[in-house]
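Dropping the structures in below, format is structure tokens.
What follows is subunit A paired twice: with subunit B in the first complex and subunit C in the second.
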Partner chain A sequence: MPRDEHREGIKGMANPTRYGIERVAYWLMRLSGLGLLAYFVAHIYETSNILRGQVGWDEFLELTQTTEGHLFLAIVIAMCVFHTVNGIRVMLGHGGVGVGKPARPDYPYEPASQNYRHKIGIYSAILLAAIAMMYGLAVMFGE
Partner chain B sequence: MRESTIMKIHYGTALAAVALVAVHILMRLTQGFAESLEYENVLANYKFIPYAAMLELILILLSIHGFNGLRVILLELKQGRVYEKAVSYGCLAAMIGLIAYGSRTIIMTNMGMI
Partner chain C sequence: MAQVSSVPKGQTSPTSKSITLRISRFNPEHDESSGFMEFPISYEKWTTVLEAILDVKKHFDHSVAVRYSCRQATCGSCGMIINGKPRLACFTKISELNSNVVTVEPMNNFPIIRDLAVKFEKLFDTHQKIKPYLIRDDTEIQSNEKEFLQSPEEVEQYIQFANCIKCGLCNSACPTMATDSSFVGPQALAQAYRYVADSRDKGKDSRLKIIDDSHGIWRCHFAGSCSQVCPKGVDPAMGIQLLRGYLLGFRS
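Coming up: the complex of A and B.
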């Protein structure tokens, strides 16, 4: 069976220039979710080192309280804020908030739900994530 | 369980976790960031029962939300009866395992079993 030349698989699906900011938000939501889950599991393991007493705790802090550790934590903060703000936008959208009124689909068939309100929500999530990351860096490196 | 019910749980755990994680982070900022991570301070946090109860609640909420999120992502990638069952039960097992491991830390530290 000949391969469909238009079938690009995940590469085509992830192309942000083709489907707009909504597709970027979709990918960022999933990537930040997976990143946060990985961090959460690592954090549970990290904090379990307290059971090794003061020596064990201090040994582990030496590994994490470094410049690289702080930069990693700043990325976690950004992922957390984006995931939260965009998640609230998605929840509101699922509840019917900000998706517009139902109407007859007419040319050029622009989806009513992909309107400026939700676009502002996505850009706000990205902006707030950047601000939170800068604040986190200031707190961690400001000491 | 119906997917609509699971999504309500997914959103409910998210909203509750946001509020509690905000408190958890603010606790790091009440003192200096590095100071708040010192052994004695962390131990005192765990021994304070309301805070330990909040940590346990965060652990449960985020485990449910996180592993259900992972399940949704994996089910979007591929479908099939056996695959869907394997993903759902796998995520459930991982969720229970993480809650058990985290609870062990909270309970043992709170009771001074170090």
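Coming up: the complex of A and C.
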């Protein structure tokens, strides 16, 4: 990217502060998307170990039975739930659902597209991801 | 960079407070990197950031480069990053920032001319690209009715988006603009919706064809930062999602 364009770059794009919960949701959506992509690749590698037979499969599966493995899977659960719930919100928004109706704006110009419905959707996605992660941890650690 | 250490005598009033104004200085012709100059500024509760910058130019350093004109949030000239967020300097009071230090920098995602002044060519190019005018075969002069009548409801569909002053704050806040130099940007996309939603316009298909591009409307991820910084209540994020509704078949 040419230096004289004065673009914020990845640092600016990834900065979740400054613009409220919607920008945090954008950041989490991208992060969880990349995380799930990485998990998908790792998952293909993991399942390909079946070609090594029963012993090879069991050996690799033991990696997920460790404390680190459980924490990793718990994060995957959280990413999956957040990406799904927030994805539904974003898809509806992309179709123009719940973004408000055009109207003459009045000062102080609160943007109608950043309304409570979307905020509830974002907080719900975060909450559900946290609950799912805690449930996953409880199951995996046998509590 | 240098720090100016004294406030000119006789310039303060009993009700005034003071802040430190940090101004980004950068001349791409001979500077390797940008730096900041600090100025102690007295302000009243109604003093705007633009007035503070002009105070610096008047009393401390006249070489500070800043673009401005109307001083009433109408011309869209004085957009800049103020304490980390894109704002109009003439529309931002120092007192509402609640900070003893006010930092002003040139808008992100725009090439810097010098200091706080940035180039708008790209914004105007993308704005022009989406054909920001009514497209139809006849004209009001030729029409029998002499004018294209609209109901108040039809006007409501687009009038909000006609408030755009092309200040560029939305493009500066957009996370996609931060990384994609080919992205059309929220300003142009919102203006595309403004004309597509206008009942007098017949150019919907040609506009949708322009923005239906990998660097067009599909690059918007609905972060909403554009709408949060718009000083005129245009809400580009809403316009873009409604515009996408046409492409996805939700609207006709």
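Everything that follows uses one rule, which is that the second predicted complex is superposed on the first by the 123 of 143 C-alpha atoms of A that agree within 3 Å, B and C clash if a C-alpha of one lies under 4 Å from a C-alpha of the other, contacts with A are read in each partner's own complex, and residues count from 1 in each chain.
Rule of thumb we're sticking to: a residue touches a chain if its C-beta (ideal position, glycine included) is under 8 Å from a C-beta of that chain, and two chains touch if they have at least 3 such contacts.
The model shown is predicted, which means the values in this text are computed figures rather than measured ones.
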Touched partner set for A:57, first subunit B, second subunit C, both or neither: first
Which of subunit B and subunit C A:48 touches, first, second, both or neither: first
Which partner reaches more residues of subunit A (counting touched residues only), subunit B or subunit C: C
First, second, both or neither for A:87, with subunit B first and subunit C second: first
Set of subunit A residues, in rising order, touched by both subunit B and subunit C: 30, 94
Partner subunit C, residues of subunit A touching it in the complex: 1-2, 4-10, 12-13, 18-20, 22-23, 25-26, 29-30, 90, 93-97, 99-100, 102-107, 109, 111-114, 118
Residues of subunit B touching subunit A in the complex: 7, 11, 14-15, 18, 21, 29, 32-34, 37, 39, 42-43, 46, 59, 62-63, 66-67, 69-70, 73, 98, 101-102, 104-105, 108-109, 114
Residues of subunit A touching subunit B in the complex: 30, 33-34, 36-37, 40-41, 44-45, 47-48, 50-51, 53-54, 57-58, 61, 65, 80, 84, 87, 91, 94, 139-140, 143
Subunit A-facing residues of subunit C, complex: 28, 84-85, 106, 108-112, 118, 156-161, 163, 173, 175-179, 181, 197, 221-225, 227-235, 237-239, 241-242, 244-245, 248, 250-251
